[in-house]
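Scrolling down, you'll hit the structures one after another.
Heads up, the next two complexes both have chain A, just with different partners, chain B and then chain C.
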Partner chain A sequence: MFYVALVFMGLVPYYFAVKDFKRYGSTLLALPFIGLGVYHFDDVIQNELVYRILEGAAFFTSILTFFMSYKTKNLIKLSYYFVFVNVVALFIFKDKWMFELYFGSLIFSAFSLYLVATYMDKVFGSANIDSITGLVLKAPKLALFLRFSLMNLGLYPPFANALIMTASIVKSHLSLDGYLIMGWVFFANFFMAFRIMSKSLFGKPNELLTYKDIGQAYLWVFTVLFLALTLVGFYSLMEVLI
Partner chain B sequence: MIKDVFQNALKLIPYYWPMTTFISRNPLMGFEDMPFRDALKKASKLFKAKVYMPSSYYVELYKEGIIKKDVFEENLMEEIKNIGLSHYFQEAKKYMVDISPSLDEYKSIPKDLNEDILYYVKTKKDTNVYRLIRELSEDMLLCEILDALFDKNYTDIIEKEIVEFVARFVDEGQTTMSMPERERGMFEAFKLYEGIVDNIDEEAFAEKYLNLINPDDVERYILNHFVKDFGWSSFLKYRSESQDYYFQIKYPSSMMAYLGLRLYYETKYLKKAPIKNFDDFKAFVSKDPYYVALKLLKAKNLLHPKFVDQMEISKKYKSIFEDYIHYEEIQRASLLQNVVQAMSIDYEGLAELLRLTEFLEEEEGYIWLVSLEDSYIKDLSKEFVMAKEKQIKSNLATAVFCIDVRSEAIRRNLERFGHYNTYGVAGFFGTPIAFIEFDKGHEIYSCPIIMKPEKIVLELPKEGHKEYEQKKNISYTFKKILDSLKNNPYTPFFMVEAMGWLFGVNLFGKTLFPRLTQKLMKNVKAEKPDTTFTIDKLSDQEIEEHAKRFFAEKIQEAYHEEYKKNLKYKDALAILDAILYDKPTTFDTKFLELLKTKYGITKDAYLFQKQKLSMIGYTKEEQVSLVYNFLKLIGFINDFPKFVFLFGHGSTSDNNPFESALDCGACGGNNGLANVRVLARIANRKEIKEALALKGIFIPEDTIFIPGIHDTTTDELELYDLDFVPPSHKAYLQKVLEDFKLASQKTREERAKLLPYADNPDKIFIRAIDWSETRPEWGLSKNMGAYVGKRSSTQNLALKNRVFMQSYDWEVDKDNSILKTILSGPYLIGEWINLEYYFSTTDNERLGAGSKVYHNVVGKIGVWTGNYGDLRTGLPYQTVYMDGKPFHEPMRLLVFIEAPIEKVMDAAKDVPKALELVLNEWTRVIIIDKTKGATYTIKNKEVITVFEQSIKSIS
Partner chain C sequence: MEIVVSIPFIPLVIAALISFVDDKRSIPRISMFFSGLIAIISLVGTAYEFMFHKVIVGFYGTIVFDHLSSILVPYVALIGLVIRKYASNYMWDEKGYKRFFIILNFIFSSIYLMIMANNLVVMFIAWQILSLSLYFLISFRVESKDAVRFGSWAITVHRIGDFLFLLGTVLTYKVYHTLNLQELYRIWQTNIEHSTMVNAIALLFVASAMAKSAIIPFYFWLPYTSEAPTPVSALMHAGIVNAGGILLNKIAYLYLSSSIALNTAFFFGILTAIAASVVMLSKPDIKRSLGYSTVGQMGYMIMEAGIGAFSVAIYHLIVHGIFKASLFLESGNVIHLARKDPNIPKNLSYKLFSEETEENRKTIGEIVAIFTIIPIVLFTLIEFFINRVQFQFQAGIIFLAFGWLTSAQLFLSFFKVSKNTSLKTILGLIVSFVFIVLTYEFMGTTFEEYLYGPKYVEFYKAASLSMPYLLVLLGILIGVIVFGWAIIYYQSYKDASGTRFEKLRWAFYKIFSRGFFLPDLLIRYFKLL
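Presenting the complex of A and B:
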């Protein structure tokens, strides 16, 4: 079952099988979540060789996904690419619950990013990060929502992902490959998030579009959820430090 | 040869002056030979700039009553009449007032899309893919096309190389490590910089690289290169054509070299690109034109994002292109249908309504602009023509100010006391000089930029200035130590630790206690001693003596440097004679050679020096004529009071790269004090007054001319050279000073209402020293007109610092020579200032300088946004906008000339440039003919009556 969990979480880049990424985007986010559930009830594999092979495969998927993310401008695609890029993080978390917390928070943020993307696709006709620009000026609430998601995904402190990751580093004694993975995860997440932010959030508004912002209620719900996540992140960090 | 096409392209690029002498200019000056309306259409396309305000702006003015209903309706009717659609007047008005400001609301696709409208759109639009590609790529560089087609980043890399070289080459002392070998000139320095060994001239070089790229339209391609870095191109154009500009003399640049280096970098980085020239591009287009068209549309942000998504999923570009065309047609047809439906209840005359809509889309900006101008013209011309002269209680003093709009309020507030007459004249007061300030090594041209001064004036200390020298030496030594510590690789960290706190005093002081810190710094700074000016011309003998002494001292210094020994003055003179007259000498010929080559002591240099010395000062005749012309120019030829104050103007601000933009434009972006001090000194001379009397101007002996400065930031009036005032006048002067103080206070109160965060007039003083203040004063923002005529016609009106006021009395100007002078000087400068403000408001990003907040000074010549990029030209956002809304009201300069119409026409005929601007309507000229009791204007090259005292007339 451990293998199934890992595959679902993104060991294999199965998004290749999906052509209509808009239609199946939610599935691509739901499956890793199911994988996380399976992972919860199963034990981590003990065989060192198999563990290394899986680690290598996850790393390969992560790099491939990062490369794929560079090729696309679509925010829907990018939302699940974030999940696949992070599967390799499993191999630097020594505590199972901490990884679950991290991956859960990741899927949540990726899902919120997905929601932003589908909103953009529905309202503006596209979720292209090069074309849907200047959200801070034209749709500030949507921009705030997008910014929260990206800051969490991009491992910006003090958001949950960054804090949980930091807590894990403080708690675990990482080996060389652990440091390599950690460096990679930080770089890949930051790069992907920053690439979206620079244009979508702060670019010049696109004159071809009629911008429409999200409602206030949505914003509150997501702000509360992000705050809760951040508190969880702090809690994990405090637990390690104290 | 590319010279002709190069010149044609260059013609459209305006000049841009360095920030130390910021000159407001018309950014579309290259189009001034075209009618304003046509020129704006062309320039807007070429520079991708907005040239009118959005219709919502004008509609707001219309609703506020600033644009008058009857004027607007009359103009609109005239326009639609010209295209034969006057019967659709109500529809046209509805479009302009109600529909256009919220056009986005009319974009939804209707359920019942009218087939006729769709057909109309389809037939009108040429969807040929090759034509579209040609149109889209017309204004692009090859590197930009490549970036668009292959998602590359060539343009940024190339731009960075170009900007880095140019910024380093033109640097005027900002960097501590300046570019070596700049003396060789831009082209040679560039060749060294890039290791190019080609032994060809710059034109051949540019042509060679142009041939490698091989564009179809060479002229357009050159222009695209210039427009790409509009700011740098404008500055280099000014620099390269200014043969007197110090840095141009020292490090010559040329536009051809600039073009050559741009093309070189472009080809350098495209060597390995899939497309290397336009032949390759054509071949690429022929393989998949639809892909190219879509990519170019995307690069220009013309492709709706949904098609960008489609391109990511599918490679069926033809089908995506067709979808795009269809989508565009539907969008356009929907908009037209919604607009037509909103304009008219039924579709009767659909074709005409569609034609009307498209005409208004194109021309509404112009119609609104003319209506705004005409509204002001209508009101003001009536006021001006009917104005009655105000009687003053007594004639205590006359004050002459610059014509600058900022003089209006202070003049008005001063006149209110009833003892003062005021006049307006271009801020250099008819005294163009090359001024060498005390303790400064270079001359500044204190005159309009279109003039070249023939006179040099030196500022000299009246007496000893030991204290000044001491303070200056301390400050110089301190600065030198700081510089060496700062620039040494090992010391900066230590310096910050040890001396950083010293800067903290200034930093915190300026932020928290600006006034106190200013006082403190004033005491630390060396204060300039009392000075006088070289007014009189040197005799030939004096010129000879000074020149010889200058060179002999240079020879002595050179001798000391080469041989570490002193040379007697007599021997130095002998050496100089040997150089000048080829006389035999016993000195080492090697040293003589060294003097010529290394120290520049040659016969030519000597003659040049003599010629410069001969430019110092004025002969008596010149002095008389200077004062005579000045007084005649403003019509001030009798009723001389006890005091005549001559006020130049300047501004005060801190941490403001655009400071000189607030100084006097007529003094080349400098403070106008030097000019008024020169003029006052001459006018106070007894022999000059006597000579003037012989020419018919009787200035009483007790009339004293006193120079002063009007600080436009604080509205303080400061007087200079008060030693001219005899004891008999002291009491009167005291009264005048009190009045000045009150007038300044009143003006500040008036201005404080318009400045943000200046609820208290005293805060205006803080603005002048606040280093975080982005808006120390409004400058010439809101300028809208110029009045050339008697003050009596304007003094009953509060013109709120919006009108340039040139004093002129047509009755004094018998031969029109004064009017011609005004038309060829102040008129042109006024037009430049006005249009700089106009275009900086209509498109601050493209034709203005953008926000000051992000500016960084580059090379001490200008600013750029961030840490690299194009040089920002025009005015910053904070000068013309407030809280996201335009503060400046952009319109062409309304030039009111008070004189009989025949006189104005005669004068204009003799000033071709002014005539061109009038006929092409770059300004609106209104003639106030009081002899006929009427006002006239010029529209479509015809004279039109605006107002007649008895009969009401048009607009």
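Presenting the complex of A and C:
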């Protein structure tokens, strides 16, 4: 069952099989969540060799996804790629519950990014990060929403992903491969998030587009959800601090 | 007194309040009121520390107000007050006035948290929030391509620093089984062990500090951040780049066990101080020039920590911060004035720097006397009378070498500017020089005893280099300086145009003026993304 969980979480990059991201978007993001559920009811594999092979496969998927993310400018695709890049993170979490928290928060942020992307696609006619620029000036609420998602995905505190990750690894006595994975996850997430941020959030607004911001109510709902996640992150961190 | 430990959270309250305010005029009022409150609380805390020498602990022991905080928190609070006041007028016409104040308060919160953290993880969190907020402020003028690009440079370098910090924290727990700084201080003072792991931890923190303080090889992000609004530049040069020095001071006792890390800090510090000063002189752009000047000053600061003078580094960062913030804020004022009046206001600096009235050539003997003998004699005397302890260690020699270099440069630059060298001017220069060195030494020594007690001598001992290495280093340093002066002399008095020497000089000029070509490489790399 552990393998099934890992496959769902992105061990095998199944996004290759899907061409129409717009249509199957929600399903694609739901699959890793199912994987997380399966993982919850299963024991981590004990066989060292099998464990190492899986770790290698996950690392390979992560690297592959990272390079694929640099080939696309479509925000919808990029929102999935964040999930697949992080599959390797499973191998540095010693505490099962902490990983579930981390991956859950990750899927939530990826889903938020997906929502922003579909909104942009629907309202502006494109989800291309090179075309939709200057959101900070033209659609500040949407920009704030995007900023929250990207800061969480880019592993920056005080958002949950960074806090959970820090709390988990600081006291976990990592091995050498653990340090390698930690470095990879740290930088891969950062580069992916900041590429989107510097292109879409900032820059001169596109004069050919008519910008329309999201409603205040949506912003409030997501701000509250992000705050709740952050509190969960702080809770996990307090266990390390005290 | 526990209220003092809540200082890092007050700017967050300000940011939250501002986000709900729609009236533009209320934003600076809220910001000023609460930052004034922070300044008052911090001063009360400092008075308490001075009187009772008792560490104030809060938030489950994760935040403290100790001796270091009692110096730095009021400093940041007062700088913050000035910058907020200045920004409230300066930024009025900019798009995103509210956004600016919100991010500014996040930056202040992270600086306070970093200074007052009593746990490496808390400090790591503050360290990262500082990087992120800085990125948002540098890219504040979102429509400017350069602002966004240079913001990306800054955040990338800072991210490397963040990772090194994280690695250092993970390894610290692995070796010492605690992340609490008060406990770590006790361990570091009593168990001095020179193991590979301890050296690795110390080096990781040094490298992280170097990234934050723009030390070679991480220097390139700082001079290119001038696209940010003037108050941000002031804050960056007065506060944020000092984070490296603050980190090294916070974990200073660790370096009792790692001479290698101190020597590394010294090497990169001295290299940055010299290289950045030379690049600064070759930059035609005043803002970049000021940026490289700060890089050079950060080099001095890290070098001071590298020779064991941790508290002198603290004094240096405060003085440099006040000086640079004033410079940036004043430059913003001049730009505002120049927009109204195309002529440069004829103030004191104009008279000093632009109105050269009389040509007065000197002989080589006079130049040696004025630029070499007088400064070195004065500096040695002051150093010897105020800080004798330093003279028992190599720190004394290094201070003398740098004192000589900087004071001679100071004299040289003043004489270059104003060639009308009357006896009155010379006396004025000497008196002001004596005053500066006296204050520097006096404050440095006072800080040493206040921050580290008698233990500060141990730092000098730990930082000692092997004698042949030191002599070679000093030899190279003096050789470079004398060679530089010889070039200046040659250039002034001989006609060298068209010679091989002139071609070589231009080749060097090109390398320095392009900042060793690293920025060009980065521009290409970021264009590819």
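In the analysis below, the second predicted complex is superposed on the first by the 242 of 242 C-alpha atoms of A that agree within 3 Å, B and C clash if a C-alpha of one lies under 4 Å from a C-alpha of the other, contacts with A are read in each partner's own complex, and residues count from 1 in each chain.
Heads up, the rule we're going with is that a contact is a pair of C-beta atoms (placed from the backbone, for glycine too) under 8 Å apart; a residue touches a chain by one contact, two chains touch by 3 or more.
Please read all numbers here as calculations on a predicted model, not as lab measurements.
In the superposition on chain A, A:G183 makes contact with chain C only, not with chain B. When the two complexes are overlaid, the chain among chain B and chain C that reaches more residues of chain A is C. Using the contact criterion defined above for the overlaid structures, shared-chain residue A:L237 touches chain C, although it does not reach chain B. Of the two partner chains placed by the overlay, only chain C lies in contact with A:G203; chain B stays clear of it.
Once the two complexes are laid over each other on the shared chain, residue contacts for A:P158 go to chain C alone; chain B is not touched.
In the superposed model, A:T223 lies in contact with neither chain B nor chain C. Chain A residues in contact with chain B (one complex) as well as with chain C (other complex) do not exist. Within the complex formed with chain C, the chain A residues making contact are 70, 134, 136-137, 140, 151, 156-158, 162-163, 166-167, 169-171, 173-174, 179, 182-183, 186-187, 190, 194-195, 198, 201-205, 237-238, 240-242.
Within the complex formed with chain A, the residues of chain B that make contact are 104, 107, 301-306, 308-309, 312. Considering their complex, residues 72-74, 124-128, 130-132, 206-210 of chain A touch chain B. Contacts from chain C toward chain A in the complex involve residues 60-62, 95-96, 99, 119, 121-122, 124-125, 128-129, 132, 139, 142-143, 145, 148-149, 151-152, 155-156, 159, 162-163, 166-167, 169-170, 173-174, 179, 529.
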